[in-house]
């Protein structure tokens, strides 16, 4: 057995692991920290700035110093507190922030020059010459800073977010937490208990007197079906309204997750009430060289001895300012560790006196002034308070206890107050006012609320649990004795607030970020007196441990430097997360290819099978061109030509479609659209333009009237969601007096455009119940029909500029009808066309689309100014008339083409005049090869005063492509401006 | 995270709702001029405290609700129908 | 011309068989389809609608409730999804027939809009169904809260979902959750269901019209 | 002012750093100032500095309800850039960038301006075309910007997964002069420099009323008494509406919260600023080693300086989608800053209905990078009464005339910005 194991407590099965390449054996139940300790390893890392040797200080997630990298195949986790890494067979751990080796760190030269690297030194130097920062200083600083080397590979593990609900959420499973859970559970409430450790019990895990209570309470809880106990689960954030986020480390204790098992899971818990039973964390004391490996918090030393049978040292000195810590001293002594001295700055208290009487060498009224040793504690220097005479005591362990800070981060996040409690010299969560409770839903209990003592915490917890369950109006009512731990009431004497012992040497208040008490004083001297200023100036409390062991100590030093009380200076505001949370866990399963859901057309499979190249627009996948992967202009032009010369079909199912009914449907649309719809006849469609209230164009589309009180509105694909919400908002909130009922029918109807001079002939073959002749069903007609045996709707509308129809059928019949149209069109050479061809044709026709409806253009800019109703109110009416929206130099829609036909137009180009080649007068919004290709380019542009500049020659310049070509400005309506084709 | 109690659906997460702004404003009418609409479209009281606002429950009943919410503390005073 | 046959309108779940972990409590996953109409009360016509619905035998449950769930062929399930608004679902029939029947029965008391082809329906059943859905569903599905006569619209995995129970009352131990999502989201929603059920394991059943 | 230098640092190190003086005078307020600036954040302090330096006006107080620099200047994601689309915006923000480039020597305070380059990603041909259009606008204004294709993006930043995300990366643009600045240091540096020129920095002095006499403000009522002023300037990001209400007018502003995050410190992992084009995520690595990243606004009016869970989920999902290697990296903290969101997404540096009261507001989530130019232009407006030519388009009257500059085209809906 290792000499660092405590005899008789070495029971776990052996587990092999390695640290910095050295094979070591630990025991089941060990953490990496306890296993290293039990094998005599003390030096576990190097500090952030000064590269000083560091060992383990705590036994929990508050660990500031012993941070390691754990490597698994394909996985690399950095900055993990060794205190939270559970040992598994084959674990490979590495120390960090050292070069080349942990025991020979050449960067530790910074530690020797430590006095240069005082608080904020980098703000005072490295200021020139220009460029030197990026080239010289910054790379050096960046390389020296940071801790571990993070993974640069994708993570093979998975994560999930799980939503949970309960009536009572208990955070923490110590005396208060388990008592609260039991009280709430016995009241029949749905309870969730969160415990960050791998075992329930909190402080009871290290206190033998509480073991029988712990096990009987756990047994009672496990018999309650509505009580859910989650271990390895940390509440990381409280967000008000009873919402708490909790991280479960599902598989971090395993070499890798089981098949289909996530590595970590983030619970989003919605609780009616929350019992905050997060306990307290022991504080360090700032004294010279309090960072040497072997300086440890007293509770941590006790935990290593009692939970792991690991000996933190052979000969210990304790420096404590409170009675709680004597339990640790007693337990270490019982484990056979020599107690060289207990240094207690106080006068004897009953408990301390008993300890002395029991044979412990207690030095009352004394203090430790410095730690001796460099890589390991060799001893301490001690003096009587108020005197200057020091003496040395040899030891290899200094157990520190500066008191205990209630863990109130979650309370502060949930806007619960904290208050200074003199008796514990700390801030504790205080019970909420009824108002605050309604928001935070949180009831603090036990040590988190400043209630120390085992029996007291259990009772306080039980009362909080009962109150959270809505039971007791009297929180003082004690629970049945059978449920209480069999321990005597607390009789501790008072703590003596003790933050710092001034001496020679660096006295750290933040071990992780290498912040010393001198740094805090310097910050105060330089005016960074507020705790938030000092934190930002010195980086105090900004590490992964969030300064949990030294935060208040630093604040106290800062306060003292200003002659103020620490209770007045306070702590910086704790923000989520309580402990660091991986990206993976916060992201959950919806990442990568599934970052956003995909919307697929009902005919997606058909498009895919027919060589469609898909484009991702918003959530949609839409066919761009049917070319089997060829993304050149050739296949696009071929598709467009097929339409212009014969017939083609395209899937426009992604358009927004809104069913509008009600007595006031027409009146409603009159207000929603800038043009009128009450004048539209039943059986007709009309192009409509929606404005925003500020007079800018919002969306467009074709709307049809199927009955007096029934319209079908179509919106663009891109604005479908927004347009529906825009209409719902106005229907419900602005004009609630109108009888208008909206239904989203976008996904019910698949919609295809059949376009081209042969489209009527093709459709006639499969449409029944509708006369498709030009007279019977003219341009802008709309009606119901049977299409290939399926009841649907037909609209004679055209985006391509050709004779065209849009056919809508229920989506479950889309494939059937599409196939029928393809078959019917075969004699005419029908072919599918994609978004590129559609876009090409609309550019030729001069129809506007998303790139012109860019949220900056008015109807007039787009040449649609005449559409605006002269009479009656509509959204955007008033503000569209503002002077700047009618200015002559506004950007207006024009068409254009290269003067030299051999040149291509570039989307993204700006328009400049030859005389002013640096002043943009507008820009291209669209450019394409025409259906007459192959070397014929046209484009649309928004140009200053463009409506009056047709025929003018300009330069389309794209400096990023090093191109500038001469173009001629023209009407945007290049194809068939008389609309003869669409009306044919 | 806000938990908003929809008068129709009960308490729901904020992600189910779409915010639609200050509900104390009312849209000027057909007879009103650009100045009135300018105030409506642009100018806001924007209080740090209780705020009456529109939310559309787009991920639920799709109904609009008027919410009293403290913009500083996120305490919700109450929700009602338009 | 052949008779039009309604398809799922999306790619469907993977072929029937086992998916994910070999756990003790695999859930059953199935895609199915429904005819559906949205029924929206006309102002001032509540009484008339109640009367007309009674004439049709159509239940109009309260907000957040479902009614009429039954196994009899041709049964209609009606979900109260907003004040004065219901979604009525039925097994697929001849194109348009269900909507016509409901519309003519309710006449002017409500607007009736056909939406069924725009819905992809899924059922998730078994003891672990709640656990699976909790990986995306933000509602409390505890049997005391989400009972066999509860209906809700919510958002799961960024996708709008209509959710109700298909099982009979009392089946708290092994609930059958039905979920309808917009058809064009179906493939992504299936991905969510498969991911969420991988940990417990799932048995995928063939797509169904029932 | 005690001059900072390597020599001075070494000297102080030898004597235990006992000789450092306060960086700025913690002044008590006088009865009256020529100019009272409300808000000791980046813009307020920079304005005071420029009033003193450029216009010789040193009878200036900068008031703050709390300690200086703890608003948005201390809460942002530290990015500076000038990659805008409209010419007036490009000129304004590029002027700011030029001022940043010399700021540490100007202030004798190392604010760590790191021109490491800022990469914006495009995820579709359409988006790439928009980027090209924006890049061309910058080039026409003489501002350097490079278009990158997919391979160049990958080469520049191997952490980016260009192929497998929901929206694969097709390219992007890179502004090499853009980068990051140590944000807190900006407030401290300006405070120190302004204080050295005679400006009073009055902390813990909250304005409670702005009494008027006709169309003029008489000064400000504060928790430390009335302070008279010839001119009053509001530079209180997030709280402009409240202060404007005290002076009796409304602003086209809503207050929204923008969230930010920082990870644990790791060795150099990311050398540039990256902005995802298909989700809420932009990121850089601080010199200390933490990845600093941000997302979108909460989507509703808020004065709560804190983060929310849904936004944390969305931002981290976007982050992993773009950079899968971040999956195991851990986020330390989440916080929020309150933004004055203007109705067109552009700032307001303007006179107001109150004759002697000027505002700097509406910075949305872009105020940090504008601090040097914003301070210059606001100081010019206050000192001369006329808008600085670079900020002439930031007047309040644009909402009346319709001459708004809505680069994103989303309209007067800040919750959609």
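Order as written gives the chain letters A, B, C and D; numbering starts at 1 within each chain.
Quick note on the criterion: contacts are C-beta pairs under 8 Å (C-beta built on N, C-alpha and C of every residue); 3 or more make two chains touch, one makes a residue touch a chain.
Note that this is a predicted model, so its numbers are computed, not measured.
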Go through A-B and B-C and name the pair with more C-beta contacts between its chains.
-> A-B
Whole-Å distance, C-alpha centre of subunit C to that of subunit D, is 49
Taking each chain's centre as the mean of its CA atoms, subunit A sits from subunit B at a distance in Å of 25
Subunit A-subunit C separation of Cα centroids, rounded to whole Å | 32
Tell me, which residues of subunit A touch at least two other chains?
-> 161, 239, 243, 268, 270, 590, 594, 596, 598, 693-694, 879, 882
So which stretches of subunit C touch two or more other chains?
-> 138-139
Give me the residues of subunit D that touch two or more other chains.
-> 308-309, 400, 412
Chains grouped in pairs wherever the two touch, ordered by label = A-B, A-C, A-D, B-C, B-D
Touching residues on subunit B, where the partner in the complex is subunit D = 1-2, 13-15, 18-22, 35, 38-39, 41-48, 51, 53, 55, 71-74
Interface with subunit A, subunit C side, in the complex: residues 1, 3-11, 20-21, 33, 38, 40, 42-43, 92, 95-96, 111, 113-119, 134-140, 142, 145, 157-159, 182-189, 191-192, 195-196, 198-199, 201
Partner subunit B, residues of subunit D touching it in the complex = 239, 241-242, 245, 250-255, 299-304, 308-310, 343, 399-400, 412-413, 415
Would you tell me which residues of subunit C are touching subunit B in their complex?
-> 63-64, 81-83, 85, 138-139, 152-155, 160
Touching residues on subunit D, where the partner in the complex is subunit A | 4-6, 8-10, 12-14, 16-18, 20-24, 26, 66-67, 69-70, 74, 87, 101-102, 104-105, 108-116, 123-126, 128-133, 135-137, 139-142, 145-147, 158-159, 161, 164-167, 179, 182, 184-185, 188-189, 203, 263-269, 278-279, 285, 287-289, 306-309, 312-313, 316-321, 324-335, 398, 400-404, 406, 408-412
